[in-house]
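The two complexes that follow have chain A in common; it is paired with chain B in the first and with chain C in the second.
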Partner chain A sequence: MILSAEKKKSRKDHIGLSEAKNQFSIALAGNPNVGKSTIFNALTGLHQHTGNWPGKTVDNAQGDFQYRQKSFIIIDLPGTYSLLAHTVEEQIARDFLCFANPDVTVVVLDATCLERNLNLALQVFEITPKVIVCLNLMDEAQKKDLVIDLPSLEHELGVPVIATSARQGEGLKELREKIYQVATGSLQTRPRQIVYSSDVEEAVRDLLPHVETIANNPLSPRWIALRLLDGDGSFLDSLSNYLSIDRDLSPGWEESKCAH
Partner chain B sequence: MRPLTPSGSLSDVCGKAESVRNSNLNSLSDQIVADIYGNAELITKQVLSKKKTHQKGLDQRLDDLVTSKWFGYPLMLLMLVIVFWITMEGANFPSRLIASGLFTFQDQLTLWFQWAGTPAWIHGILVLGVYRTLAWVVSVMLPPMAIFFPMFTLLEDSGYLPRIAFNMDHIFKKAKACGKQSLTMCMGFGCNAVGVTSCRIIDSPRERLIAILTNSFVPCNGRFPTLIIVTSIFIGGTFVPYSGFVTAFVISGLILSGIAVTLLVSRVLSVTILKGEPSSLVLELPSYRRPQIGAVIYRSMIDRTIFVLRRAVLAAAPAGAVIWILANTYLGQQSIIVSLAQALNPIGQLIGLDGFILLAFILGLPANEIVLPILLMSYLSTGYLQDLGSLDGLRNVLVNNGWTWLTAINVMLFSLFHWPCATTLLTTYKETGSKKWMFLSFIIPTIIGISVCFILTQVVRSLGLV
Partner chain C sequence: MKGAGKIDPLADLSPGSVCQIVSLELSGLLRRRILDMGIVPGTIIRCIRRGPSGDPTAYLVRETLIALRNEDATQILVKRLSNGEENV
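For the complex of A and B:
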């Protein structure tokens, strides 16, 4: 019951992104409470509410800014730990990245919990190549005596890594510049792609030829194959909704993996 | 090769995927997650180092204290009392200032209307109805909110709220609800509609419904000042040198009884219409951060001012006009408002209120902010005109209309436990997608409020205490 109302709303809101012509769309993704809204406010000059607890932003917020005579619309996605869609927020974030097709996705990471935050970044990398990693809360990391080797992180990830302390306004100039470069295509990114264990890779190989037969598919066939192997029913709903085709639910297929 | 119909292709692919999944012994989805985590770990190892062996950080030590068994609860209580005390002491002066300014301006307005020769009924609706109600809402509601919310936002920004959720979790577990419910209750302080929306952070639909249905047991923005004023007049006022503290304690007590009822109702719902076991709380405790004090205070004061003013214009202004018309339209000997109040009076008396009070709560459905202003308007329409700039003036109005300390307590209890405002009901409908849950969120607090006030009144009266 709850889902149906929310689902409808999320589709309308999140796929119906109101971007103007010649406007680049930027998605802000990240774990809960890493400072996405603070970065959003700093970039747009808006005053989206921020708070120091996970779950503060439950809806997508939009705002825009100008940089170097280009116009950008920026979308603050709800914070998620992953995109494997176990919660409504994850589903909203995933559907946005998959189907709204943003020109640049900025993944905001908490520098004090790098490892956990990287999981999300790696999942985003599989959906879209145009990614920038924003390593936020660097001031907190410094206080905890954590040292992060930025050049080698950049090398490992294959995308630009910008260190910021958004609350102090540090690093935002560089972030804007990198967003501009990636959006206009003057900077190419090649995000690291996960090579899975042999079982998974073999299964993907089996499935790929079939996935490639799906008409009008906007997504990477490999990514769809992986979600099919996950048995992620909620993703199939979104996909068939996007392709406006109906899928016969075969028995035994999980209706939805979400906890609803 | 392209298939003829796309729908055929997708379900074919699904079928194929299923057979591949079934042919694998190990769960592929677990393997996928494990591989992602493995990659993240690998990268982190290569790029992350620590300067020196770190002793237990400040955060950790603070958390040990804040979430400790013995110190956690007293600290929360202390915070509650302090926040209310500052609000009470701080709101007093600006409230008086704004009230005297706005009511002086009302006299000026009246002079202008007389000078322009406007008919009495236009002056009545616009000045005595709309303007006076607006003046009430702004002077009474704005100062406490503009002081309470910056403090609340500071707590929120520092990272204390998730610790509250963490502390409260095991109590909520006992009520078979989710610990995150305390976060949604905190949001409810600002506005129950916002509180209901924030219930989205609770993943289990059962626990989310419980949190939605019980959210209005937290006094929102619109009810808070009513509690503060009634307490200051009838309870704090009798302990003159310590009135601020006494008022703060009484308000904190009311909040605690709201929490107690929340837990009780959650528990009852969990064993009746929303059966189930609690899920475990997974909540990240973020690092403490020093809030940007200046910016936070400025921002939340502006936000609250805009919020209160907007509600005042949208709800209080039309209500003021309606009340004036009701009070000045006569059916036979009596004005409509007096007839309505008399009709409600028997029920009102039964639960220790009166007809006017009940009417004010009913007319306050669009927004709780206007309950007290409506009540004063309707009392005043029956003849007593007083100096309204001060609490004493207010006290006289209420006492002249038969208020005792029991009435005051019942008003506070009923304010805490009655139907949520229209906005909250609509939000509940939107969030749950069902009229049934909306109706329940209306009826549960109403029944509780009526029962509590009824029992208290009957007990006090039979003991002859009033």
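For the complex of A and C:
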């Protein structure tokens, strides 16, 4: 469902994103300590945001840059291993990705431990299709003699994969160019979606028609259905908060609740 | 090797032993946390050492050291692959 410009604006205000007109918004997500702020600084030329996320507002983690006559605002999200387990950091990152509708989400992964980091990437893929994977700490991976088959990874994930060593400034030109391409829509992404067991998929199918009736919903109905099946109360609270849905009045909610 | 292939709670493993996760008998947020740490059915993990009072216990999971309370590790079922110091 398309939001009216006015609704969209007030929601972004609510979440602390002061996005100017015609500006693309770029979210930086990733596990803790993978180099998100280093990438943020390199892209924006800012130096003040080096420490950890304060965990309260996204205002002081915003910066902007110009590229090819376009303007981008970039938001450095708190580091998280997941978007589903409800620490404060996770809720901030999840709410931003769900309700601020960034034009591109860059998921920064530690190239030295992909197995651990890909969990978050797959979760982000369920929320938004406009994702770029940035494999950072490539210099460390090389030191460990790790060889990463980038074309295969890109093919498996369905999104662009850019290798960087942010501290050395390597790969950032390519990252900027991909951000531009995905933001402007000249490059289409098709992130790999997890297929769950047949009973979960069946339950999702049952819920979808109800979820699709939720008004003013910019979110993927599948993502909402999965959270309903999880019984994720924290997400439902955020959803009703941001969408101003009265949970008890909406018929969609009632039936969804019964179904799970 | 004694005990290999048996299904046991993770908490029963002694330091040095290696096992493969069979199932998580946990629910809700705790289950989510454990899954997010990369502990999913099929994962191979090694018991490293116990805390001073026998709890928590440190495990090596996907090259990361993770501490679990024994209370929680009791609800994770594993297949023993090789035994620790007690049986060596």
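Annotations for the structure displayed:
What we mean here is this: the second predicted complex is superposed on the first by the 218 of 260 C-alpha atoms of A that agree within 3 Å, B and C clash if a C-alpha of one lies under 4 Å from a C-alpha of the other, contacts with A are read in each partner's own complex, and residues count from 1 in each chain.
Everything below uses one rule, namely that a residue touches a chain if its C-beta (ideal position, glycine included) is under 8 Å from a C-beta of that chain, and two chains touch if they have at least 3 such contacts.
No experiment lies behind these values; they were computed from the predicted model shown.
Contacts of A:187 after superposition on the shared chain: neither chain B nor chain C is touched. In the superposition on chain A, contact is made by A:33 with chain B only, not with chain C. Judged by the touch definition given at the top, the superposed model places A:148 against chain B, while chain C stays out of reach. When the two complexes are overlaid on their common chain A, residue A:100 makes contact with neither chain B nor chain C.
Set side by side, chain B and chain C differ in how many residues of chain A they touch, and the one touching more is B. Touch criterion met: A:156 reaches chain B, while chain C stays clear of it.
By the touch criterion defined above, A:115 reaches both chain B and chain C. Chain A uses residues 84, 86, 115-116, 119, 230-231 to touch chain B in one structure and chain C in the other. Touching chain B in their complex are the following residues of chain A: 1-6, 32-33, 47, 50-55, 58, 84, 86-89, 112, 114-116, 118-119, 122-123, 137, 140, 144-150, 152-153, 156-157, 167, 192, 194, 196-197, 199-200, 203, 206-207, 210-211, 213-216, 225-226, 228-232, 236, 239-240, 243, 245-248, 250, 252-253, 259-260. Here chain C touches chain A in the complex through residues 28-29, 32-33, 36-38, 62-64, going by the rule given at the top.
Those residues of chain B whose C-beta lies close enough to touch chain A in the complex are 1-3, 6-7, 9-18, 20-21, 24, 26, 28-29, 31-37, 39-41, 43-44, 46-52, 54, 57, 153, 156-159, 161-162, 165, 180, 183, 197-198, 200-201, 203-205, 208-209, 283-284, 286-289, 291-292, 299, 430-434.
Chain contact summary for the complex, chain A toward chain C: residues 81-82, 84-86, 113, 115-116, 119, 230-231.
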